[in-house]
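Got a structure for you, written out below as structure tokens; questions coming shortly.
Order of writing sets the chain letters: A, B, C, D and E. Residues in each chain are counted from 1.
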């Protein structure tokens, strides 16, 4: 689980001065990638900059500026942005400090939002998480991601091609669009997990194996992890919506209500999935135990039929000088008949008790 | 489960512009069916129209107009209605976007309600769901359904024949009547599931089989699905009732309180059913495990009686030259007596321990 | 379960006009029995009337009038009362509509209370329920019951004999007394169920049988049913107590607080009982599984002792021409000793492992 | 369980007039014991009175008067006190009516508090409960107990010897001291139960027996009982503390906060204990099931090794005229070697599968 | 568990006067260690004092004074501090009274905070707890610990070396820093437990042993203990943050919000860990039960194959004079072939039923 690895990082940090900027995640890239999009209804500029200072020119423009930073391991870059845009040290710390609980802070001059971007990794068949932070100022939006790759490509397209009303709208609508894309991506994860659950159910009704057990356990863990990630989001969106900050316009709040509904729906689905997985586990255990019973029954039937027969054979295998039956002409036939009678009796008893 | 299939549809939509009208359900009909009912206390008109424009004439009339649309796959029709009745794009999106959580929005000029219409499909023995949306304006009510067929036939009859006071009442009373019919239909689903539970219990006390297990699991899933569908309804009705919209009159609110009580009752029943199913599952597992014990006991009794006897027979089946007993005249009889004594002792021991 | 049968009745009603008066319970009596008690501190009249109209004379008197109606199948009688006392059609519907959730409605001119009267049926050993409704007006109290027979006999005695202060008090005190008698009767049901639980526990420690399992399941169902019936009562009494209706005097509210405390106590007891039943079930399963282990142990001990011995006997039962041991003089004795040694070793091993 | 016996008593009372004074507990003493302590900073009087009237002289004095009554079966005494101190009949009823839920009532002229005094009975190894009621007036405190013997001896000492500040303080501080002593005594019960849990855990890791199961069940029941007794106390203390009665001074309220903290701590501990007991039960069941597995393994190993060997011996015990092996010189030796090889193979197989 | 031992100590105290100062923990050191740090932005003094009176000189200075006391067994020292700094007796009692629930009290002239300092003891592999209390006055902070050794060394370094802004800040910031260090240390405990859980999971998938069960139980207990310790912290920090005390500045409150977020994160993690441990236990039990099934299957297969064969051998081992087959030339070969046929049939049956 990514989460626990993160706690480990955090530990290393424990005891440092509050406000010391140290990235607590894992370094996975060589250099930090900075992309700027600047637009209003008529104009659009997009560029990838090498130095963070190249972004600062947009600060004074009235256009919408979206600075996206992929990679947090270079604390100096974050510090420079912090200084330029006058961001509180504790906020910068939160941006770098991986493993944050999703939350929303209103700091008057700007709004800070941190949450989890999740995606389903096909290779490892697990849910991967990445922390994403947003700083929304009066005429800029800065987003901080751990790694390259996100769920915003369609939004970028819309901005480039002026599709929909995004170019006509303001910074807060851009933030809404990005949050909406993140929450929408949760549905595709639920979708994947739903498929896994369905295939588990099919597997169960056909042929439950030992690995099924491990899969159920893994699915449970995914659900626990997902729930822990999504649950605080509800609160976040709700406080964003009720926020009295002037940075979020009332028109955007109506859209946020929509995200809120989606978040509730995600949580509802996770809870239902957890219930279903519990039920599947019960089913699995019962099926296994039923099989065991069947095996036991076969053993019992075979054993209870043949043990008495073997005993009879044993009796007439004794070497006593004086066993009259042994001398009878049809002694052997009689014993064979007796054996048939005993096993028929047994079988009848089993039939009557519905064991066959 | 219908729900999960829907998530899949929704995924395809993720990333689209908010406000883009795309139907996310499954197309199941050729053409959209539009029915209009227009009435006041004296007059009544009913017609099935081909083009949605044919409905618009009623907009300016002071009578009660109910436009019912069966089929959502033709997004253009929905868009035309949206334009004519001035409905917000996000609302239109919600109407088309299958898999909504039941909710109520007050948009001043009109009220938007979306919920689930459930029915029990006898063929598949499962609960089927269909999304239904209502837009209640000052003098019209528009209802949007996915498929033809609903639970409103008795209400249509009442309108046609001026039974009850529905013709004397306003739009909001019509909405109440429709909601009431939907909630009432939940009772018949509970009824069906209650019967299934009762037959399960009877089956258990007679002859639990392996398929019982699967049935219990299926019932549990139905309950999880039902709870997820009905739970938000409580909130919906409650906010409808507390709403300050002028579109809902105080006289109607008293009736809404009645629906609210029914919803609570449905939720109570689902919770009780879930508890009962849990208890049935416990019972099933215990019965199966009890059976297993019985089988084991039989094996143990047979085996423990005959194993020592077979051993004795084996001893006297040995070929040693010098086994004095074999030469005794009544050696065979003595051994048989000994065997009878041993098995009697065993049986007594079992009796005393209450294994027989 | 009475409850589920009722849902079935309710279903038949679904789709009818709201306000149509149809009794949804089962008809169990020939005629409706109407009893009137009219009293103040000095005077007391009691009569059983044939026609409901005979009660109406009391309406204008300032005395306390209690009209009790046993039997709801004659909807006309209910309608007449409704008309005479000006009761809202929805209230009349609730009275006839069996399976109501306990609730309290303040309709200004009168108060409507509906709840469950429970009693323990000795014959079927189950909890039976009956719906009872009260309409409390300015100078009358009307009670509607499904069947003859209730828990109010002691209250009637008190009124007849002017015992206690009931004759000095008003209508609201009469309502309190009746509610108090109902809640008090819940204690006797708890008492019965508590005895059942205790006898179950005793049975368990002596000799758990298969039917114990079914009994535990039945008790669980009773508790689920009881909890569903009593839980809403808490809310009912609480809102009655906080009600601002002038029909309930402050002096009576102090008494209602007392009923409220009792209701909480009933709910507490039900919850404790549920926990205890769960614990009993765990105990039962463990006892059964322990027994199984004992049986298995006996089998294992017998089998593991005799199987090697039988093998040894088998070896010397072989017919090889050349088995030197068979020719030894004390070969038989040596083999017997070996067998004793083997079984002693086995027994010692079992002892050391505490299996004996 | 004491609780259920009480419900039974209560049942007998059901149907009586509210306000009728009947003691619903079990009579356990010959006569009622009445003790009076009267003190201020300088003076101290203590006496045991025969007649309740002997206490009444203190009513008019400004000193602190504590009347303690051990034994509730003489309803007349309670009635006399009620009359003299002007106590509401419902309060007197609650005092006599054993099995009350802990609660606090503010009746302006006096405060009524009823709760449970618990102690651990060493003989029966169970938690025993006794109801205690307090009536706090302007210059008196009356306490009603069922039986002689309580947890207040140290407080009596403090009053007698003017230890601490109790003699300088008022009635409300006396009430606080008594409540504090009761809540403190809960800790010693938790202590006892904690010891029992620890000894259970030790027993488990050494040698789980069948009676362990019963002990776990009993501990669970004690916890259920304890929780039911302590849970309402939280509310009681909290409302006492928030009370606006002039009888409780602000200085005392700070002390009540302390009791409140202790109550929360008791509830926390009970909840933790319940979780631990659940975990112990899981452990017990798993240990038992593990043992079973071990037993089964031994059986399986012995059986699977010897069954094939016995078969081989059986083959060469057959009496066919023409079995060439029987004539071989080293046939016997060869068979013995084969048997050793077979069992070695089996043992190797078991080793590889880690069954040994 | 440390907790339960503490309850035992507390019991000894029950019945004492409130306000009597008795240390209820275990004495673990010879003498009490008192350390003083006094600083402002320019100056810094640190000394270890022998007598508590040596600290009092700092009381009148405007600098920040941090008095840390390791060891609570000398109640006189605590009493002297109490007198000098005018601390309420109940607060002193709470400081000495080990086993407090974490809480915060605002006493106007000073603030009292008590909570748990946890650390993971590598030797016993358990979580150890120590109570720590803080008294924050207008220009001093006194901390009381049970034992020498804490998590504050890095904070001491920062003060000594004027690292970060701690020297520029006030008493409340010092308190925040200490609380932050404590909550941060919780993460390292979670880290340790997370590692234990991961190693448990690995062990499970490789080779579950009997001791795994005990480990799972121990981990569960740790989690129950941890949850009980951390849960009230949430409330504590929250009330500290909402406190209207002038001793805590608004600038510090922003930092407290940060601790609050961390506490929530710790609780979230504990809850997730509990869920995961539950799931691991389920997995363990299922694996064990699966193994059992495998063992049973082997037994069944071996037994069911050889029991019939042994029976056949037994039949031809009988000594009847007249068994024709015994005389046949190829009788032996025929029997051997029959045996092979029977076992092949059995194996085919097992294969078809997927038992092999």
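Throughout what follows, a residue touches a chain if its C-beta (ideal position, glycine included) is under 8 Å from a C-beta of that chain, and two chains touch if they have at least 3 such contacts.
This one's a predicted model, so the numbers in the text were calculated from it and none came from an experiment.
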Centre-to-centre distance between chain D and chain C (centres being mean Cα positions), rounded to whole Å: 26
Gap in Å, rounded to a whole number, between the CA centres of chain D and chain B: 42
Of all residues in chain A, the ones touching two or more other chains: 289, 292, 296, 299, 303, 307, 310, 314, 317-319, 323
Contact graph of the chains (line, ring, star, complete, other): ring
Ordered ring members, chain A first, chain B second: A, B, C, D, E
List of chain D residues in touch with chain C within their complex: 3-4, 7-8, 10-11, 14-20, 90, 99-101, 103, 207, 210, 213-214, 217, 220-221, 224-225, 228, 231-232, 281, 284-285, 288-289, 291-292, 295-296, 298-299, 302-303, 306-307, 309-310, 313-314, 316-319, 323, 325-332, 335-336
Touch list for chain D against partner chain E, complex: 151, 153-154, 158, 163-166, 177, 180-181, 184-185, 187-188, 190-191, 194, 198, 205, 254-255, 258, 261, 264-265, 268-269, 271-272, 275-276, 279-280, 282-283, 286-287, 289-290, 292-293, 296-297, 299-300, 303-304, 307-308, 310-311, 314-315, 317-323, 354-355
